[in-house]
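There are two complexes below, and they share chain A, which is joined by chain B in the first and by chain C in the second.
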Partner chain A sequence: MPNRPNQTTLERQYARLGILLIAPTVVVFSAVIVYPLLAAIYLSLFSIYTPTLQGEFVGIDNYVKLLSGKLFWQSLGVTLTWTVGTLTLQVIFGVAMALLLNRSFWFRSLARSLVLFPYFLSTVVAVLVWRWLFNDLYGALNHILMRVGVIDMPLDWLGSMPNAMIGIILVGAWKYFPFVVIAVLARLQTIPEHLYEAAKIDGAGPIARFFDVTLPQLRSVLTVIILLRAIWDFKEFDLIYLLTGGGPVTSTQTLALLVYKEAFSLNQMGQAAAYAVAMMLVMLVFMVVYIRRTGTKET
Partner chain B sequence: MSNHESKGTALLPSLSRRSLLTGITVAGAAAMMPRRLRAQEQITIRWWSPQSSPAQLAAYKTQISNFEALHENVKVVFEKTSDEGYAPQLAAAFASGEVPNIVTHLPSFAVSDYWRNGLLEPFNDVIEMVGPDKYYPGANDIYEIDKGQYAGTGIGNSAANMLWLRTDLMEKAGIDKAPETWDELLSAAQKMQGGGIYGAPLPYGANSMTSLVFIGVIHQGGGQVFSPELEVAIDSPETRDALEFYKAMREFCPPGATNYSWGESLTAFVSGATATGLYTGRVLANVNEQNPGIADSITCVTYPTKSADIPAWTFNDFPSVFIPKAASDMEATKQFAAFLFDPEGYIQQLHAAPGHVLPVLKTIAQDPAYLDNEIIKKYSAEVDLMSAAAAGGFNLGWESTAHQPNVKAGEIVNSGVIAEMVQRVVLNDENVDAVLGETASRIEEIMNA
Partner chain C sequence: MADIELRNVRKAFINFVALEDLNLRIEDGEFVALLGPSGCGKSTTLRMLAGLEFPTDGEIRIGGKVVNDVAPGKRDIAMVFQSYALYPHMTVAQNIAYPLKKRGVDKAERDRKVERAAALLHLEPLLSRKPKQLSGGQQQRVALGRALVREPEVFLLDEPLSNLDAKLRSYMRIELIELHRQLGKTMVYVTHDQLEAMTMAHRIAVMNGGKLQQFDTPDAIYNRPANLFVADFIGTPSMNLMEGSLSGSNFTVGGQSVTIDRSRLKPETTDGAAVLGVRPEDIMLGDGTIDAVVELVENTGHEKIVALAVKGCDRILARAPSGSAITVGEAVKIGFDQTKTHLFEKDGEGRRLNLDQDHNSLP
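== the complex of A and B ==
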């Protein structure tokens, strides 16, 4: 690093110390972010048999196949359907629950703790419980619906469409809505009470107060929540893989499942890397929006 | 030279020439012993298997304890995998070099795939240690992919697509004999369905069971997936008939069969939710343990065919044992692989699910200790039938005696292309001709990849 001519010795020492202090972060960042990223792009230019990692250079063939085939586009559509569906429910349930938990009632502290339970539960355990609930022969869900006369025969929750998509969206919403609750509840507690009092004096009812006072106050936090959860839901793998495996046929096969199937079932690591890079480019859009929003806020 | 000799003599004044020669012989013999077993360095052997019921785990524990008692510096660690999960797990293990030492109970077609890609250690030494004469004739042929080189060996046989029947429900429905043809099965399923009981638990899920079972149905319809020369032959009138039959059976299966794999299908029959079942002999132990009320009312036959003139086609996945080439401590690993066939542990392993994994060693099949089992005695006719069916069984890696070994069979099954074909025709009601054409093309692609 060239020294500025008017830099003092102390300044030069500070500059060197700065480089020294930032070096570990740069090394870790390079190892866990930059290297895998470059490796994925590099692999996507080869046809590689996964178990041996042997293969040949094919240039952009994997990308041509990706763009010309229907698998990628179909999986992208499934991913967007899942992301939009589950995210919408997460936000609706999350905001509603946060509003409820912001009110005074008995056992509020206990309720606030219990509502976080799905978020902290291991995905594997959660999926096993839900698969059991959805079971056609012994599942509680079908049993209750049949007992109350809503259905005559058990429903096939995870093996046919649109039930399978609805099933994963519901389970995803149940699993992740506590994140929205935590963030929104924290924001709700900082909204000045006098805003509500002023609205009341102006004759605003509960609904008007929600739309005119609460929602504008929540806008910034909701923007960040939606962007973060959109990124996390977009790349969700374990919950969907364990619930439906991508089926029926490929109706719930998201991009993450497609990458996994290509890499480890078909043993085509190069093609899988191409799908992963394409997926990353789509996610980049979310990232740019997120960075712009948070950057604007800081400014 | 003479100086050296005199020095040596001076250092070892009491050592006679005979003692020296004896010492050299002993040292030479010791040097020829497996180095790492002799040395007291700690060895860890990692053992993977998708078969891990509690009784099987107990049997593995016995085998591991017995082996560790013989080799104090060896520790064997058992790690579970699964029928649906082994392919990705092994792919990752091979790619990273962090492979298990020994893998058991995977289907033979998976072994041939790994062998053809140079990922496995030749198994000839282990077969020699077990004793080639102890095996049933031809038991290892499926593993001899290259002449004189064995990719693995069988740890058992299985008859995975037996038709299990509830005799009490048959009697109640006025069915006097086990179905032998598809029409008879459809009729029987229809008659026995009702009162909360479904006709059959056939799998329609996007998984390997659907693929493996449907490959059997194609053969039971007189068709084949590949010609003996391994040309793709799935696009045929026989496959159309098989799809039609499979679709017709859907109304006799539980709603959730669209997501069934081996576990769900087994549980459906064992719990009494279906009148027929499709599984190996594991049904016997599970019914006796979990639903003893129907234990005297179950029997099995080979799965029906389209017509009486088409012979039965039993799916035998030829459960295997193999060793990855990159495994550490190869000598100890091979000794442990051979030790798996030691009668005490092997019989306990077979008894863990009697009739599920059948012995590949004729010496074990005739062993009074093996025959001395309540379930094997009670269901001797069923066990004999399964043994005979498994002995004449096939899978996609070896569709008939006329077929060449298909080393791409594992990739075809894991790709899910056949299960997807079933789902598209049965669940989505797509055009059969279009789906079959696309399926054939995709299989061609995998073969040519």
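== the complex of A and C ==
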């Protein structure tokens, strides 16, 4: 602790207390974040057989393989497609639903709690239900689509492309849009009614009021939502793994799935660690933007 | 032409009635203040004129046309809100230009009008700033600019000065009077501040409990209040109201009697319980028949407000010149200026019992 000469005794005491209070967090943070991070970087420099965790130092060989091989780039493409697709739907559905729930109608509080349901549901349960719905033999989705007359033959939803990608994007959007609803709804409720009244008097219709009053007010919250959800969607594992397992073949194999497969199916822990580190570097871009955005908001 | 007429307007919300049977006629180019305590229905009235609320019953006409079902943007009105309601993400220039933009005015014309409004309100150096970077007074002027850039026939102002400090408020009062003189448009101004209403308005509509109490010139409201509410509400300090009984030309309060000029009362006035009202400036200290004791003297600088204890009635306040030598505890005789006393019914609506023509004849 720097003992500045112009600090009073009381200030020094407060500083000491501050360090004391933050210490447990720093210790835990180091143990569960900093150590694994450093360990991953360390592991990525070895060629390691997962079951024994033994292997030899190979330097940057794993990274060379990663950059020159097709696998990483293909998975990065899949990850970006999935992230952009599901995030776009989450934001559109989320904002629309928040606008709807911000109006007053009967059973509004019931509707508000029901909307949160997918978000609270365990991913495993949600995926099981969706797999039933998507099933090409007895799934409800094909049944309904055929009844309505949109399709003549049952579609193979999770076993062919681009259906599998559409499937995971849809389920992802369904599962995570409530997060957008909560955040946007909270912001909507703080927009002063007078702004809408002023806009009405100024001759703005409902659409103009949305773009000129609502949207500008939502901008800061949407930035945070999009960045956070982009980070979370980018590293999504369980939903995709359970729904398609990365298939057909590797069509929906995101980076997270690639890391898992490399580490536990192919038993190449060192190569898997290299993929994980590369993935982290990509996410670092989102992180930096997020920190910059939320940091500048204070000023 | 933009006269405003409210005919038998009633406004009921789910659990209370905000306005009851309001009839009001505002002439073209007139500056009218809606004055009353909070919850009196003045803001509801204004919001109905703006089209932000719709009357439950009755008819609202602007410029002769019934506007009950006309959207706010389609009425030829502009409104200034108490909170100014400036669009936070737009610059001052964009804020002022917004109503023009929504009406499809082209860019060149918009810029010209914004410039003119900015010049009128001394906003030129602020045009590229955001509302957050402005002081309360500046935001207020931007809100005014946004209202007048469209050149509407009617201006609606909802307590526009109440968020400003006292000095700025008195400055903006003069600015608004000047603005009204220049534009010559109809203005309806909601306030709970009687000073604003008295100094700015041609006529004041005093409201209470959803009912119109009196609609008249500031002079008439002050000198000929229509009922006890108006008498009590207007004036600082407010009018002294003394409950007593009228018998012929005598009014008795707390065992002491004052002479009343019966010819100034309405012929149908009967003897019995009544309320005598005297403004603090119409109380003559040391000149009269009523015994009083000085309880408190407040020196405001340009005058002294003297609180007097009189047997049988509430504390009475009188104005005295700042130089007068009055001491606390002193016993004084007081009297009332005969030509300026007011008499009200004690029961019912507390209607004024004086004939209306008095004071008109006063110099």
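Observations
Everything that follows uses one rule, which is that the second predicted complex is superposed on the first by the 278 of 299 C-alpha atoms of A that agree within 3 Å, B and C clash if a C-alpha of one lies under 4 Å from a C-alpha of the other, contacts with A are read in each partner's own complex, and residues count from 1 in each chain.
Definition applied: a residue touches a chain if its C-beta (ideal position, glycine included) is under 8 Å from a C-beta of that chain, and two chains touch if they have at least 3 such contacts.
Owing to the predicted nature of the structure, the values given are computational and were not obtained by experimental measurement.
Overlay on chain A: chain B and chain C fit together in the combined arrangement. Touch criterion met: A:Val213 reaches chain C, while chain B stays clear of it. Contacts of A:Thr86 after superposition on the shared chain: neither chain B nor chain C is touched. When the two structures are aligned on the shared chain, A:Ser75 is found in touch with neither chain B nor chain C.
When the two structures are aligned on the shared chain, A:His194 is found in touch with chain C, with no touch to chain B. Within the superposed three-chain model, A:Asn62 lies out of touch with both chain B and chain C [touch as defined at top]. Once the two structures are overlaid, the count of chain A residues touched is higher for B than for its counterpart among chain B and chain C.
When the two structures are aligned on the shared chain, A:Thr250 is found in touch with chain B, with no touch to chain C.
For the three-chain arrangement built by superposition, the Cα-centre angle with chain A at its corner and chain B and chain C at its ends equals 150°, in steps of 10. Superposition on the common chain A brings chain B within a closest Cα-Cα distance of 51 Å of chain C.
Touching of chain A by both chain B and chain C, each in its own complex, is seen for no residue at all. Only residues 84, 87-88, 90-92, 94-95, 114, 117-119, 204-207, 254-259, 268, 271, 273, 411, 414-416, 420, 423-424, 427-428, 446, 449 of chain B touch chain A when the two sit together in their complex.
Partner chain A is touched in their complex by these residues of chain C: 50-52, 71-74, 77-79, 81, 83, 85-89, 98-99, 102-103, 146. Contacts from chain A toward chain B in the complex involve residues 49-53, 134-138, 153-160, 244-250, 260-261, 263-269. Per the touch definition, chain A reaches chain C in the complex via residues 192, 194-195, 197-205, 208, 212-213, 216-217, 219.
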